[in-house]
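Got some structures for you, see below.
Two complexes are shown next, each including chain A; its partner changes from chain B in the first to chain C in the second.
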Partner chain A sequence: MFGVMFATFFLIRLLPGDPALLLLGNMATPEAIVSLRERLGLNDSIWVQFVRYLDNVAHGDLGTSIFTSNPVLQDLLERAPATLELICWAMLATVIIGVAVAVTAVVRRGGAVDRASRIYGLAAGAIPDFWVALLLIYFLFYLLGVAPAPFGRIDALLPPPNRITGFYIIDSLLTGNWDAFISSAGRLVLPVLTLTIVNAGALMKLTRTVFGDVYRSDFIRHARASGLPESVIVRSALRNSLPPIITLVGFLFGFLLGAAVLVETLFAWGGLGQYAVQAVVNSDYPALQGFVLVAAAFILLVYMTVDILYEFADPRIKV
Partner chain B sequence: MKAFFENVRRHFGLAAGIGFSLLAIQIIAIALAPYIAPYSPIDADPLSSLQPPSVAHWFGTDVSGMDILSRVIYATRINLLISVSSVIAAFIVGVPVGLLIGYYRNIFSNLIMRVFDFIQSFPVFVLGMALVSVLGQEVWNVAIVLGVLFIPMFARLIRAEVLSLRERPFISAARCSGASDLSIMFRHILPNALTPVIVQVSISIGMAILLTAGLSFIGAGVRMPTPEWGLMVGNGAQQMILGVWWVALFPGLAIVFSVLCFALLGDFAQAVTDPNAETIS
Partner chain C sequence: MAPERSPLLEVEDLTIAFGDGAPVLDGLNFALNRNEIVGLVGETGAGKSILTRAIIDLLPKGGAITAGDIRVEGQSVGKLPEARKRALRGGEVALIGTNAKLLLDPVATVGSQVGRVLKAHRPASRTEIRSRVIDVFRQVGIVNPEARYEAFPHELSGGMAQRVVIAMALIAEPKLILADDATLGLDATIQAQVLDLLVSKGRELGLGVLLITHDLGIISHYCDRVGIIQGGRLIELKPVDQFLDKPETEYSRLLLDAAKVRPAPRDQSGDDAPAASIQPLLDVKELRKTFVVDGGQAVVRAVDGISFRLCKGETLALVGESGSGKTTAGQCLLKLLQADSGSVMFDGTEILGLREHEFRRMRRRLQVVFQEPYVALNPRWQVVDLISEPLALTGQRGGAERAAEVTRLIDLVHLPRRVAGLYPHQLTAGEQKRVGIARALATGPDFVVFDEPTTALDIRVRAQIIDLVRELQARMGLSALFITHDLNSVRSLAHNVAVMRHGKIVEHGETEQIFARPKEAYTRMLLAAELPIEANRSGKAPKTELEFVR
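Our next item is the complex of A and B:
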């Protein structure tokens, strides 16, 4: 984490241009720039600045966004639930579809699902997520009209549900707000479908290889010879193929965060990803810095969870 | 050598055939773009804005009246230039670094590994986006950033191979016969460690194409009017909601086929070099 902070700090210091000039605009007088530089501490040595930055981050101060003129941390916290909601549902759908298809393909080897999954596994890695999203919008929204418009997390005319967890679906259920629930669930369909189509391929491929090996191993053959029903066999084979699957799921979380940047922009989702794109477009470096920091922290958290889950999946591993 | 060609012939199935055909198409598009593209890729014609596909414009025109077919053809140059050059750069830097940190095990090589851990702890796309916007949105900057992001991958692959190879008897034999460290690394270890990296090159080119397109799509990569696939899809994004499908569809298909091409070639390389690999065909 220290390394991450070190790098994000120097990344921003590498920027061409003077932050004071950027804050004040082109009309600033030289005196104003000098005084602001003094106030921002830009005249101190780079190490003094770095220590001050560490101190600020430790106190939860990520700087002030140049574009929204709110504290970056506040901006990020406001938008984080939107992104988390999107990523979590997408991950859930990815795991269910990826594992189900892989298991079916292995159990019914040479069947239609097996062959289709091979083609899908190859194609899924080649399709850009933003393009899939556009095709889905065109077919499901414009042509068929079954999906809601790609503008935000909830119908613009509906007030969002009272904030409890920040997840619209859960909040609206907790408050019994059915209109909000239906609207926000509908809005989730297209972006979640997009992320699932792109991600499930990788998970499916890995699961097919790992599960296939376990499914053909000796202890499964022994279980079958002992007359255990197929459902028990599949379950115990799946349990033994969990560790690599958990690793990939952890990795995919990081990938989803990147993909969310693209997908959120398309669906006007108002989450972290869209915030980052705005930061890039508006040269809002404190905001961008904050986002990169939060993204890295999120990934570290996910990897830690992966390590803990490992122990549950395979008691032989000690973390 | 004969066994190698025999191996190539045995694995050359439908998938590899499609892969090589797609590669040939792209090479033709790169080499002959001025001759086969019907229009200039950057000349706007406001009078023929957003025309659907027709005999005059096979793939239609975009919002400023530029011919999409011509832009898709010309964009092959930019997209492959960025992705191939970034992967080659990552290969040229990553392979020697991987060799060195695998062969010499000291504080310095541990330090480099920590730097790699650090680079790879970010989501690739997020870090790429931040770096390109800091360096400035130029074609070369995109290539440089992607190259830097890919270095750890190549170095790690080589390092893993070196770690297992350096304990093998033929390396001890080379050392006993007085070979220098450099000659052991480059003449004895490197040729044996390259196989997984060659496969990775092909896959990485596909990844680089996707990343480049994604960066341009959100406006953090190359800029208009440069013909680039991701940028073109981005241009068609607003119109897609209104039912104008051709602006975004064709450049997106170009991305899919291009990435697919390098995935198939990587698969083929894997099959030829590793007899145990599971393949599509």
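Our next item is the complex of A and C:
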């Protein structure tokens, strides 16, 4: 964690741009800039700044965003659920679709699903996510009008549900707020679909390969020779294919945290990725540092979970 | 319904082909009755395994029955509806395959795996299934079955895994058991135990057992009738006694002769026996090697203070079951593993203390033939490159000289010269062994370690490899350490035998002496576990003690 903090702190300061200048605009007088820099502590030596930063972080203070003037922690806490809700649902859909398609393709080799998945496997990865998002918005929202507008997480006229978990869908369910539930679920459909379409391809290809190998292995053949029903055989083969799948899902999870930014932007989602990009554009050092810190913590958490799941998935591995 | 007395298994005119190619099985005809054990013998590629898979209608992709029929209890297997086929597999006809460790699901406990077979055929409650599984585990001789129920396959030894697979086959109370090379690669002692178990269970429950193997020793000990398959045809089928007395076909005679190959006890006269006065070529003292396993929890003493000497021209056999530390010992001698302590003097030089670059100069004098030739050969190199690679150690520069040397080596190990341009996967197992041997001999070594050179080979190929090694001994005056669990081959090769158990040498002496008058109980057990075909066949009772010493 310290390493991450150290690296980001110094790397961010290598970025060109002066936050004071950006904040005050082009018309600012040099005096005003100097005094603002003074106030932000930007004139102290970089080491002093770093130590001050460490001290603050240790006290749970990630600093104040230069741009939004809110404490960074508060900004992040507001936006994190948006992104997390988006990528959680997207990952869930990715895993279900990717694995189900791969398993069907292997079990019914040469069938319709197999052939379709081959074409999809070729296409996925070649299509960028924003393009998929634009296509979906164009067809489903603009032409057919079945999807809700791509503006935020919930209808602007509805108040968001009381905050419990920060996930609108869960919160609205818990509070029994059906309008909010329907609206927020509807809003989720397009972005989740976008991320799923883009990411399920990789997971499907991997699962196909791994599951396909296991499915042809000796012990599966023996299980079939022992007269086990096909459902038991598929389940056992799938359990044996889990480790690489868990790894990829863990990786995608961490990756999406920042990579969903284009999708977030297109759907005006107001999530973490968008916040981070804004911070970069505005040279908002504290905000950017805060984001990287939270992202690193999150990824660490995901990888730890992956390791623990690994041990459950394969008794031969001791973590 | 089937007529009351139809045989358990009938195979009629069975022909199986892949695509439009030549049939793998060609017009097979035989029947198997209840309470009968029929052995099928054939070399690798004869189509034995295809037969077992045809019986449960699970042919590999592309294979199809082009003529004939298979009937189990009078019912044609191919014509059954899918659900009945599933009930047949495991429920009525159970398959036991080779290499049990690969046949078990690595991430499920063995108890649950056996349990799910039972559940698929005889639905029962969880607790009932559990107690049935533990019951069957106990019957197949698994010690402490309650604890083993929770074990994962990787925690079991090969023999134990094989027992689990047998339990899996027996649990649904089938009527017919197909054992396809079920004991291949197991130690002789374990093999005898597993087969005893399988056969006695079969007799007890009145099952039909089809025992497929390439080991005539197994056939002669356990089977009622024997069938010989060659190139997909059943060329001979008769009671075992008659077969052993006078095999009908040329091929059967060949197989039988190859299986009988042994003694030709070594020429004991005069100059062949190494003179004791000469300084030993290799002198090993108190060699030790321990492995730390389980993350530092336990220490395995793989080699626990062994000492022996080897004179020039002498062959010493290191015999023991798997896990006795014999391969580790061989690798320590060649410094492929770093020994913990002890001393290895080679031709007057202490080699354990040598640094890597000092030892490299000696490497050409000490060579090894690895256990798995296919794994030890780089799959992307042609044979000619594989053999000429070690020649670089000898410093021969000239291309023509080197090419001539490769040809000489290929001739030396009796490979056809055309193999030079082939890749390892295009060779048969026996040819791969020969390439491995040629590689080891390329540098003109004084001392060669043969690590299990005859494991998992067909009988005839095994005999050929043994002949080759003997010939090399005689021609080159090679000193060799022969690591094996195959006692037959030892007898015709080695001057001296050292029996290893749990990392220690328990008995050491001249070959004939060990065979004739073994002192240790363990050695006697190893000897008794061998299944020579000419042994006394009284009653086909499972072998126990020493009955084969002649």
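Here is the rule we go by: the second predicted complex is superposed on the first by the 284 of 319 C-alpha atoms of A that agree within 3 Å, B and C clash if a C-alpha of one lies under 4 Å from a C-alpha of the other, contacts with A are read in each partner's own complex, and residues count from 1 in each chain.
Quick note on the criterion: contacts are C-beta pairs under 8 Å (C-beta built on N, C-alpha and C of every residue); 3 or more make two chains touch, one makes a residue touch a chain.
Being a predicted model, the structure only gives us computed values, none of them experimental.
Engineer: Please indicate which partner A:Ile182 is in contact with in the superposed arrangement: first for chain B, second for chain C, both, or neither.
Structural biologist: neither
Engineer: Determine, under the contact definition given at the top, whether A:Ile170 touches first (chain B), second (chain C), both, or neither.
Structural biologist: neither
Engineer: Thinking of the overlay built on chain A, is A:Asp218 touched by chain B (first), by chain C (second), by both, or by neither?
Structural biologist: second
Engineer: Please determine whether it is chain B or chain C that touches the greater number of chain A residues.
Structural biologist: It is B that touches the greater number of chain A residues.
Engineer: Just to be sure I read the superposition right, which of the two partners does A:Ser236 touch: chain B = first, chain C = second, or both, or neither?
Structural biologist: A:Ser236 sits against chain C, while chain B stays out of touch.
Engineer: Between chain B (first) and chain C (second), which does A:Phe130 come into contact with in this model arrangement: first, second, both, or neither?
Structural biologist: In the superposed model, A:Phe130 contacts chain B only, not chain C.
Engineer: Show me the residue ranges of chain A that touch chain B in the complex, using the header's touch definition.
Structural biologist: Per the stated touch rule, the residues are 3-4, 7, 11-12, 14-16, 118, 122-123, 125-131, 134-135, 137-138, 141-143, 149-150, 209, 254-255, 257-259, 261-262, 265-266, 276-277, 280-281, 283, 285, 288, 291-292, 295-296, 299-300.
Engineer: Could you please specify the touching residues of chain B with respect to chain A in the complex?
Structural biologist: 114, 118, 121-127, 129-131, 133-134, 136, 206, 210, 213-214, 217-220, 230, 233-234, 236-237, 240-243, 245, 248-249, 252, 255-257, 259-260, 263-264, 267, 278, 280
Engineer: Could you please specify the touching residues of chain A with respect to chain C in the complex?
Structural biologist: Against chain C, chain A makes touches at 217-219, 221-229, 232, 236, 239-240, 313-316, 318.
Engineer: Over in the complex, which chain C residues touch chain A? Could you list them?
Structural biologist: 53, 56, 58, 86-91, 94-95, 97, 99, 102-108, 116-117, 120-121, 152, 154, 165, 168-169, 172, 295
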